[in-house]
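Naming follows writing order (A, B, C and D), and every chain is counted from residue 1.
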Amino acid sequence: MAGTDEQEAAFYAIVDSDGRIEPRDAMPEAYRKTLIRQMAQHAHSEIIGMQPEGNWISRAPSLRRKAILLAKVQDEAGHGLYLYAAAETLGVSRDHLLELLHTHQQKYSSIFNYPTLTWADVGAIGWLVDGAAITNQVPLTRCSYGPYARAMVRICKEESFHQRQGFEALLTLTRGSARQKAMAQDALDRWWYPSLAMFGPPDRESTHSDQSMRWGIKRFGNDELRQRFVDMTAPQADVLGLTIPDPDLRWNDERGHYDFTQPDFDELFRVISGDGPCNRQRMEHRVAAHTEGAWVREAAAAYAAKRAKRAEAAA
Amino acid sequence: MSEQSQLVEYALRLGDDALVLAQRLGEWVARAPELEEDVAMANVALDLLGQARALLTYAGEVEGAGRDEDALAYWRDDRDFRNALLVEAPGGDFAVTTARQLVFAAYQYELYERLRSSADQTLAAIAGKAVKEVHYHRDHATQWVLRLGDGTEESHRRMRAGLDTVWPYVDELFDADDLTAALSAGTAPIAVDPAELRDPWQAYVGAVLAEAGLEPPDDVPARRGGRQGLHTEHLGHLLAELQHLHRSHPGATW
Amino acid sequence: MSEQSQLVEYALRLGDDALVLAQRLGEWVARAPELEEDVAMANVALDLLGQARALLTYAGEVEGAGRDEDALAYWRDDRDFRNALLVEAPGGDFAVTTARQLVFAAYQYELYERLRSSADQTLAAIAGKAVKEVHYHRDHATQWVLRLGDGTEESHRRMRAGLDTVWPYVDELFDADDLTAALSAGTAPIAVDPAELRDPWQAYVGAVLAEAGLEPPDDVPARRGGRQGLHTEHLGHLLAELQHLHRSHPGATW
Amino acid sequence: MAGTDEQEAAFYAIVDSDGRIEPRDAMPEAYRKTLIRQMAQHAHSEIIGMQPEGNWISRAPSLRRKAILLAKVQDEAGHGLYLYAAAETLGVSRDHLLELLHTHQQKYSSIFNYPTLTWADVGAIGWLVDGAAITNQVPLTRCSYGPYARAMVRICKEESFHQRQGFEALLTLTRGSARQKAMAQDALDRWWYPSLAMFGPPDRESTHSDQSMRWGIKRFGNDELRQRFVDMTAPQADVLGLTIPDPDLRWNDERGHYDFTQPDFDELFRVISGDGPCNRQRMEHRVAAHTEGAWVREAAAAYAAKRAKRAEAAA
């Protein structure tokens, strides 16, 4: 905010009354920066998130599942588009944000640094990872920045569809052969704790949270959201007939919540800082696609420029 | 060959074209030059996969031997696939893929446009839905041929190389044979005579290439054999990926 | 885990390392930079395949459930493979392959050299034969590391990048765990403690790199998990090729 | 031959007495050129021939078959080495010959322009293609040029081993399941006529044959060799329980040979002239391998030069 007190007061009046800040509204510079970082990270997660599931497009075990998976990965690309566009309303280009991703200056969700080893992992990602994402994101449909809130409405709608599809894919496995059921359990065993880690560190260690709450771009604490996810997911595991790999997971009548074991936050920090199973693979794949596509983007730009020039000359 | 077998075979040709190309296009997802193209490639692949499923399902129904779309996609071997060679070659760079998309979508457009009047109600219905999808595929490929052909020197060079790569496979698309002759004869034909599609295809593709400052390669020996199951060596590798998991769990439901 | 199961598991680790790397090296045949290397790559692949066959056969015998080398190679899934991650990554360019060959052959050499004294007669015999083969593999890789490291600017740059690519997979080779601890304990150990191999490996590889004007990459986060069946995404694709035909004909003899 | 009559007489004296010309012997220039072309084409055939069989290394259906196939393809690379080395004794480098191959100035056997579509094709190549090659090559073990004759001795020994392996692989298929037997028959159907075409056009259309006979680098006519191959192969097909795709194939008691249908020589000429199913693929693969390997060969040369210089400096 080129910062008059009056503008600042107007900004907080909107935020405090649960209104929406729009691109042309004045806003504190720190708010703008935080939002850009958050939306960019979210957009980066969508496009990197295409890789682990995309790994199974060629091998999907039925044509119906192949179609569902293709459509899902396509939706992720679409979410990336919405989110980069939403970030662009704050005056930063997609190219610049991609540059920051490719040079490790911005991050993406650490969950996508785990490999998809079997077909069941595709179901587990839909059920658990999209489930966790929705838990995180539904509150953002009411966040203070208008374009972000509206993008989240669309995204959450599609993601809850994906989450049901993932659950259904796993249900088919658990009702199938012994090998299929074992595949599903194995996927749950590997994806459970990384999914819990998606909510971030415990609130007591979380930086910036208070400020984001104040700005209306974060509505609930990490611990609260993680609990909400466990409460939602544990009964679903029962329906699937799968065992969540946590011997201490049990309903606590007193709290009205499930008790559960926290994920290994040291592992989370290691993965965030680059030391996960697939960090390097994901980034190399991403940068290679971008680099190999450079001549195509240049051609499109050159063609557009030629056309504009011709149109001008004809006018 | 009974008319029933002919119809099965014809549906397999159309269905396998769509299935194999969908598989190739799927390889671009998360690898495209820009995000819009990840979306577009997935979209075209999805449309083709949808066509393939309808056509294989129908082939299985007409055959009456209890084979569904998955039985036909996952349990036939290389030599039983009926797709044209064009669709099975590796995608190459974006220019090769663009060249193939133009060639194939323009062919499919003319085909489905006419197949809407098929005496076979199911094929007519499938074509009626598909022609709208394919119209978009053709338009999308056209835009890219223009951008690459009339973009930079490098893109022009690559686009020419892309055309060179796919051109040997063009003629096969328009090959008529006993099967298409039998099915497209009479006053209420079931199939479209592929030879009929050549002129309108040529007119469309020729105009696009001309606008893009490109020329169709000439004097290219034609490659054919896909309709008889005589494929290139690429198809076997594609099928290994496509079928491995499904074949590893015979009888399983997914 | 019974001692019998431990022995099966140990033989699978050694056998899968050899099998998966043989599969990767086979990809170079008819693609090598010169004809001598087509011969050499095939030769190394053949040696490794021979080791794999002996080890998987033995694993099946000890297991006593009727699984032969083919049952173990073709019917286990990704999660049941026990190879180190190093061997499953795509071959990359010739420098990546050369870097991997140096790392792996130097490891295998130290391993088999010691395994010759295994209390298990079969493992001792397999190691006795293999150590001579692996001596040649190590020498061959060494010659190429010297040529590429001390060749041209480009080859030096590529060789460094090759080392960077494979280095994250080095540590796993030397991981000891309960299994190796149990099998290498006592006065007549069956297995070799992998941790023991690190120093002699380091001495050899370090000397080669130094002579080639190269340095081992440092500060590389280590990747591991292969011994527990936690592989990279590459293995599944490799197995789809490896297993597709065999799985398509259950029970057939070839 | 820097051509004195005396030298020419000496050359023909050796050739006529079934002796061996050695690299340092004088020889007519046309003899040298013809030999280089023939040996080079033979060498090129070995290295291009690695591709169709190499196509199945990754997918061989048992580890034993994978090992046999790897060893066979390795032998082909080895044959290429012997033959290029034999050609080099005539003062032409391997690099130069490869350059001629890559620029379509020299050819390789047209048979390798057919694809290997199923596993049975690997067996069929061993049985038929190696069988035809041996029929062609055994006479060359007695050819007038020493290095070539000696290379052929080694090569023929290995190839008859390959031929037996191919036969045995097919026998296993024909004794296997119905699908396996069908696969074997299909391979024979596709490879039969292209194998017959390996002996070249009928003698009446064959150019240069007389000259080559005179020089002792061709011992029998194409038709005679083709007949010999059919006579050898037809009974083997019976053992396999396979049907050669020629309704006119039958034993002719009078001639003491099988009657058979000639291959389509128009097709042969089309394939030789570039219009076969895989000509383009084979050459692109070959050139790509060579081009991608250039930096490696340059590095090896640079390293050798540095070492030589250091050795010199130390001396």
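As a working rule, a contact is a pair of C-beta atoms (placed from the backbone, for glycine too) under 8 Å apart; a residue touches a chain by one contact, two chains touch by 3 or more.
These are the chains along with the protein names UniProt gives them: A, D = 1,2-phenylacetyl-CoA epoxidase subunit A; B, C = Phenylacetate-CoA oxygenase subunit PaaI.
Given the structure is predicted, the values throughout are model-derived calculations rather than measurements.
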Third chains touching both subunit B and subunit A: C
Pair joined by the larger number of C-beta contacts - A-C, C-D: C-D
Most distant chain from subunit B by Cα centroid: C
For subunit B paired with subunit D, centre-to-centre distance based on mean C-alpha positions, whole Å: 37
Distance from subunit C to subunit B - Cα centre to Cα centre, in angstrom: 42
Where subunit B touches two or more other chains at once, by residue number: 77, 240-241, 244-245
Where subunit D touches two or more other chains, by residue: 59
Inter-chain touch pairs (all): A-B, A-C, B-C, B-D, C-D
Residues of subunit B defined as touching subunit A within the complex: 19, 23, 26-27, 29-39, 42-43, 45-46, 49-50, 52-53, 56, 69-70, 73-74, 93-94, 146-148, 150-152, 154-155, 158, 241-242, 244-246, 249, 252-254
Contact footprint of subunit B on subunit C as seen in their complex: 77, 237, 239-241, 243-245, 247-248, 250
For the subunit D and subunit B complex, residues of the former touching the latter: 52, 55, 59, 115-118, 186, 190, 270, 274-275, 277-278, 280-281
Residue ranges of subunit A touching subunit B (in the complex, touch as defined): 47, 50-51, 54, 57-67, 70-71, 73-74, 77-78, 80-81, 84, 94, 119, 169, 172-173, 175-177, 179-180, 285, 288-289, 292-304, 306
Touching residues (chain side subunit B, partner subunit D) in the complex: 77-79, 168, 221, 223, 225, 230-233, 236, 240
